[in-house]
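Chain naming follows the written order as A, B, C and D, and within any one chain the residues start at number 1.
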Amino acid sequence: MASNVFDYFDIDELFTEEERLFRRTVRQFVDNEVIPIIEMHYRDGTFPMHLVPKMAELGLFGITLSPQYGGSGANYTSYGLAMMELERGDSAVRSFASVQNSLVIYPIYRYGCENIKKKFLPKLANAELIGCFGLTEPDYGSNPAGLISTAKKIDGGYVLNGTKMWITNGNIADIAVVWAKLDGVINGFIVEKGTKGYRAIEMKGKHSLRASNTSELILEDVEVPEENRLLIEGLKGPLSCLTQARYGIAWGAIGSALAVFESALNYSKSRIQFGKPIGAFQIIQEKLVWMLNEITKAQLLAYRLGRLKDQNKHRFQQVSLAKRNNVDIALQCARISREIHGANGILDEYPVMRHMANLESVKTYEGTHDIHTLILGEDITGFSAFI
Amino acid sequence: MASNVFDYFDIDELFTEEERLFRRTVRQFVDNEVIPIIEMHYRDGTFPMHLVPKMAELGLFGITLSPQYGGSGANYTSYGLAMMELERGDSAVRSFASVQNSLVIYPIYRYGCENIKKKFLPKLANAELIGCFGLTEPDYGSNPAGLISTAKKIDGGYVLNGTKMWITNGNIADIAVVWAKLDGVINGFIVEKGTKGYRAIEMKGKHSLRASNTSELILEDVEVPEENRLLIEGLKGPLSCLTQARYGIAWGAIGSALAVFESALNYSKSRIQFGKPIGAFQIIQEKLVWMLNEITKAQLLAYRLGRLKDQNKHRFQQVSLAKRNNVDIALQCARISREIHGANGILDEYPVMRHMANLESVKTYEGTHDIHTLILGEDITGFSAFI
Amino acid sequence: MASNVFDYFDIDELFTEEERLFRRTVRQFVDNEVIPIIEMHYRDGTFPMHLVPKMAELGLFGITLSPQYGGSGANYTSYGLAMMELERGDSAVRSFASVQNSLVIYPIYRYGCENIKKKFLPKLANAELIGCFGLTEPDYGSNPAGLISTAKKIDGGYVLNGTKMWITNGNIADIAVVWAKLDGVINGFIVEKGTKGYRAIEMKGKHSLRASNTSELILEDVEVPEENRLLIEGLKGPLSCLTQARYGIAWGAIGSALAVFESALNYSKSRIQFGKPIGAFQIIQEKLVWMLNEITKAQLLAYRLGRLKDQNKHRFQQVSLAKRNNVDIALQCARISREIHGANGILDEYPVMRHMANLESVKTYEGTHDIHTLILGEDITGFSAFI
Amino acid sequence: MASNVFDYFDIDELFTEEERLFRRTVRQFVDNEVIPIIEMHYRDGTFPMHLVPKMAELGLFGITLSPQYGGSGANYTSYGLAMMELERGDSAVRSFASVQNSLVIYPIYRYGCENIKKKFLPKLANAELIGCFGLTEPDYGSNPAGLISTAKKIDGGYVLNGTKMWITNGNIADIAVVWAKLDGVINGFIVEKGTKGYRAIEMKGKHSLRASNTSELILEDVEVPEENRLLIEGLKGPLSCLTQARYGIAWGAIGSALAVFESALNYSKSRIQFGKPIGAFQIIQEKLVWMLNEITKAQLLAYRLGRLKDQNKHRFQQVSLAKRNNVDIALQCARISREIHGANGILDEYPVMRHMANLESVKTYEGTHDIHTLILGEDITGFSAFI
């Protein structure tokens, strides 16, 4: 039997033909459309907007959404595979898809009234509308329960005030799902671009996710109609969205890991020093095997989690474990891969430093590594150690 | 849904009812018969021979062997589960079973002539006979190809000469599968206890696997009949046995890891310092979560490997990956668990230092950690870096 | 210039001739008297009492004590060097000396009244008397401030009640420095063996420091005369003793590290596999270099700390840093060394598993690794994170 | 006593007043001139040329060079302190100074004929001339002995051919010290900018050391006069320069480490989450203490190495140890610091990602981490494992 170093435990055979096909389609898109242009966007600090219609065409928005609202109706394993392939290209491209799918379409589908669903979901699925998700505030990152944005009931709707930060797609979004406290209780509201008092300002000076749009949202007496309030109360609303997004990240990070592993493996086979390929040295093989080992385990985690999620038997703590582990090992793979590339590893001819820098954000957003440690710690000990 | 911290990704539901039943049976045996007495044997440096008949009764020898030769005819997943439960008790007990199953019954079944199979297999399966496996030599550990024991053809059989070391069960075995070079080619021979010129001397002074018998075998002009030669030539003979044993170790190590994790978790919930259970401190939760994370991944590796093996689709390098990873994380779990137990962790009231010491051997035998690194490195780069 | 791998940054030249001489004397004692017999004592679980008079003769008790009380009047660098050489033999031997010097002679010298000093110090220095230090209680390990042993004032003295655990030398000590709360405030008392109500019971079942005596102390209405109370109140009394002991451990751990490093280096040069010494393989050199690097840094820490202490300019947090770091790297060296020794590394022919097991205790006592982390964390952030 | 978290073992008091004064001067320059503008240069990919005259004025070129040739005549400890302070600003600025001092002035001073020294050294010291060092070739990075550039003797001089890569300052240098093989033996030659056939092309697409100039040198039939040949033959010529540069890097890396540690510490004290500064959480304190511990040891290594070098008693392997360790821990500090900064850590308001990215180069150049491992491994085992 031949070995497939990128699928060392033959997980591919466990996917359905449909899942494999979807994956292949996304893979080709990434190879042909993303990888050739992404370093340039990274350097320039721009998101490749021209990819969005193609992504919509491939069904990459609303992947798991019911066809009745314009979605693809695929399962969560397929969703995971798509995130993996996209992040093999760049974390920014996957982030864009994560936001649209998990943080905008999902809450509207799950918590929106029927009117709202009909109004927004089909357009989000075909990318006529781009969405963003406003939860994090300048002083409330790891502790969203403390957020201070407010909503006030007025005739026919609500008035929103507050500031949101680190909002992916903020500046290019047509609608924002914004979380604010109504009588002290967290509620979600859909704010449409152009609403008076609503502004999104792109954040500059990033050393990571440079091909992603990251913005600040400012809400000053922004009025939204009654039906724009989501039908969920409390922190469990945004947390349910985060669980969706984290699930996708758990898969996505494998894509990054595979990209840097593949680059390192190829480099180690062709780069000659002391008369032989560096891949023939023990000190290099140890590094490659570290990556192989961790990627294989990450793949098994994601696969198993996907099947649990497709059966709706997953727990959010399982998602925390997979997100935490997979991003962490992806980041370590990127660092190791960079080292294997020697001096060449700092050049943009190779994807490694871009992935390495991106993964710093990915390790931090949607629950930092440490926050997931504490989520898991609480789950297994029964004691909360957040405070 | 409640969480099962020892099966965090709900792998249990993937086993068949038969597999689960077998596991439960072994588990009870270990809880009732092994754990209560094993520290004493460890301290005294003795193997608990009285357990052997009970183990035979439970079908723990010849687990995957065809019933036609007295085996249980179970699949390799069942075999793995049994090894896991046994090693939850002690690595020595699992080692005993590994040798009997993978290093004695397996090569005789696979490479023995029909006479030999009929003669030995049923008795090995019911533990009338205990076997051992003589491959390693004082100067040839990681490099068995270099072994210098010799076999010479004589009328009606062979004469064997050589010295073997680190032989589990050596001193208590009734038969030994011994590897020696016949005209420079590695061949396997069955040597029966009592044969002239054959001696087994127990090795003393061990700080690890103290409840296991470890011996030196000395062969001085030992004659064996023709039929005692196994029908396989070259290194692939013993290596195929090692792959079997390593497969079992990959599962077994999870048992050790679970034992030390469980002990740490319980301790952290009941030990109070500074007015609260130490399990409520971040610094302790990080350690517990490390174990949880690694054990979960080890379980997924073993499960997937088992299914591949049951379909006979596994590659030996996959076994190397799982053995290498799972023993390594088990050892690290033991070290972390010991630290969580504070001063109490050095006492034999807790199983942690025993497992920790045992796993040093387990990490070393059947291919050291580094040797498996190089096996994997060669597989993925195409370059051998052993020399 | 030739390299000295055990003094890679040429620290030896920084010691005075006197310091070097003292070190050499202790070194010879350890080579000749400790190393040949210590594995036997470890196996048997006995402390080598016969070494005590020789140690006294070498001036190993009361090393820094003024000659006026029978001490050697040496500086703290000399004290450190002695601890290092002793622990190169075994942590148990160094622990014995630590207790006598830092936990018994030190508090009596610093906090005892003149009578008491004259009565005990000369005999402690010449080992007519052996002492022990009773601070830790079953439920108060890392948090000694919570101790519940009590002292009550009576006519002419005090009545003590309580239980102490993990007391090195407890069972062989002639006097105990016991800490108990008098009107809620921690105070130290000298209890002489034979005093009514005072018992020391050896703890059994240890997997570590097996050549050390570890006991439980039980105090039931033990009466001590007035002068046996030390003239210090509050936690700073015992903590000042711990700082002394930790300082010695910071040096001692280097001895362990050197012992296992030397063994690994020798083994790697002589053990042949695949036709060359294993020390010629990259995968082994990485491990050896790790040890070299960490030992060199540990030596610099200890040296610098010694000079600060000799000038009385050290802070207890600096001692925490050195104890924490040096024990940690020593333990890791032991684990790595064991791995380099392959199967042979589990045998008592090599000192590695003994040191490895001992260092688990050393990492835990006198402030666990984590406690020192929090001491340092508080020092640099200004925030206490113990609770 | 108050603690100085950036000099935890009070090493400052070991420096002479002169050394401290020089350090302070450089520190002020970095605080005032480098830090405010360096992120902009990093972003733009430009070296801040305007700083060069100021650096010359401060005596930062020719630090250890004899005043007779325009140098400052300071010792190597002072040189190290300067490198540390410069790299606290940015690795690019320190790299510039390293090249001028260790790779250009040093070889000309040590190996140049008197004419050459008089011609170049004073101008290099006052920065009228900028130099670069051409050793590395596209296919010969870690193995410079294999370089293929050639020198051919002609009347009155030499003709050089070859390509050099990764040349710091290449594009802005007035002279280059180029290494090529003359009759198969490595020799050094000074090539002046403007010489026919000599070109330097800036390398683009760097993700690291972006504020540094990195170029390719192309030599096509470049003629240099006889006296431009350095009076040293063989690999020991360039290696002696590398030892100088590595020495400076060992100090420099501490500067980076201090910069990211300070930023993390400040952030952790002011960033509030869950109602308290994150520096009050155990999970953060562990990270801070890791940095504190490693930085303290790195400082001791550099200090000791400096004193050995000032006495000319250092060995090049000691320099390898310090370079390897200090850069490695600096890089790890940068990664940990970034994590502590949370999302903010990806912004250029904080210096952490810039240092993190820079240190990838620093870990690679002047001997990669792995090459230094093998240098040290050879030194302590006696076996070369490079091939």
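As a working rule, a contact is a pair of C-beta atoms (placed from the backbone, for glycine too) under 8 Å apart; a residue touches a chain by one contact, two chains touch by 3 or more.
These figures come from a predicted structure and were not determined experimentally.
Of all chains, the one whose CA centroid is most distant from that of subunit B is D. Looking at which of B-D and A-D shares more C-beta pairs in contact, the answer is the pair A-D. Our note on geometry: subunit B versus subunit D, Cα centroid distance of 51 Å, whole angstroms. Centre-to-centre, using mean CA coordinates, subunit A is 38 Å away from subunit D.
In subunit D, the residues that touch at least two other chains are 276, 281-283, 286, 373-374. By the touch criterion stated above, subunit C contacts subunit B in their complex at residues 39, 136, 139-143, 146, 165-166, 203, 205-209, 272-276, 283-284, 335, 338-339, 342-343, 345-349, 353-354, 357, 360-361, 363-365, 368-370, 373-374, 386-387. Residues of subunit B touching subunit D in their complex: 281-283, 286.
Remark: subunit A residues 1, 3, 5, 8-11, 265, 268-269, 276-277, 279-282, 285-286, 288-289, 292-293, 296-297, 300-301, 304-305, 308, 313, 315, 317-318, 321, 324-325, 373-374, 376-385 touch subunit B in the complex.
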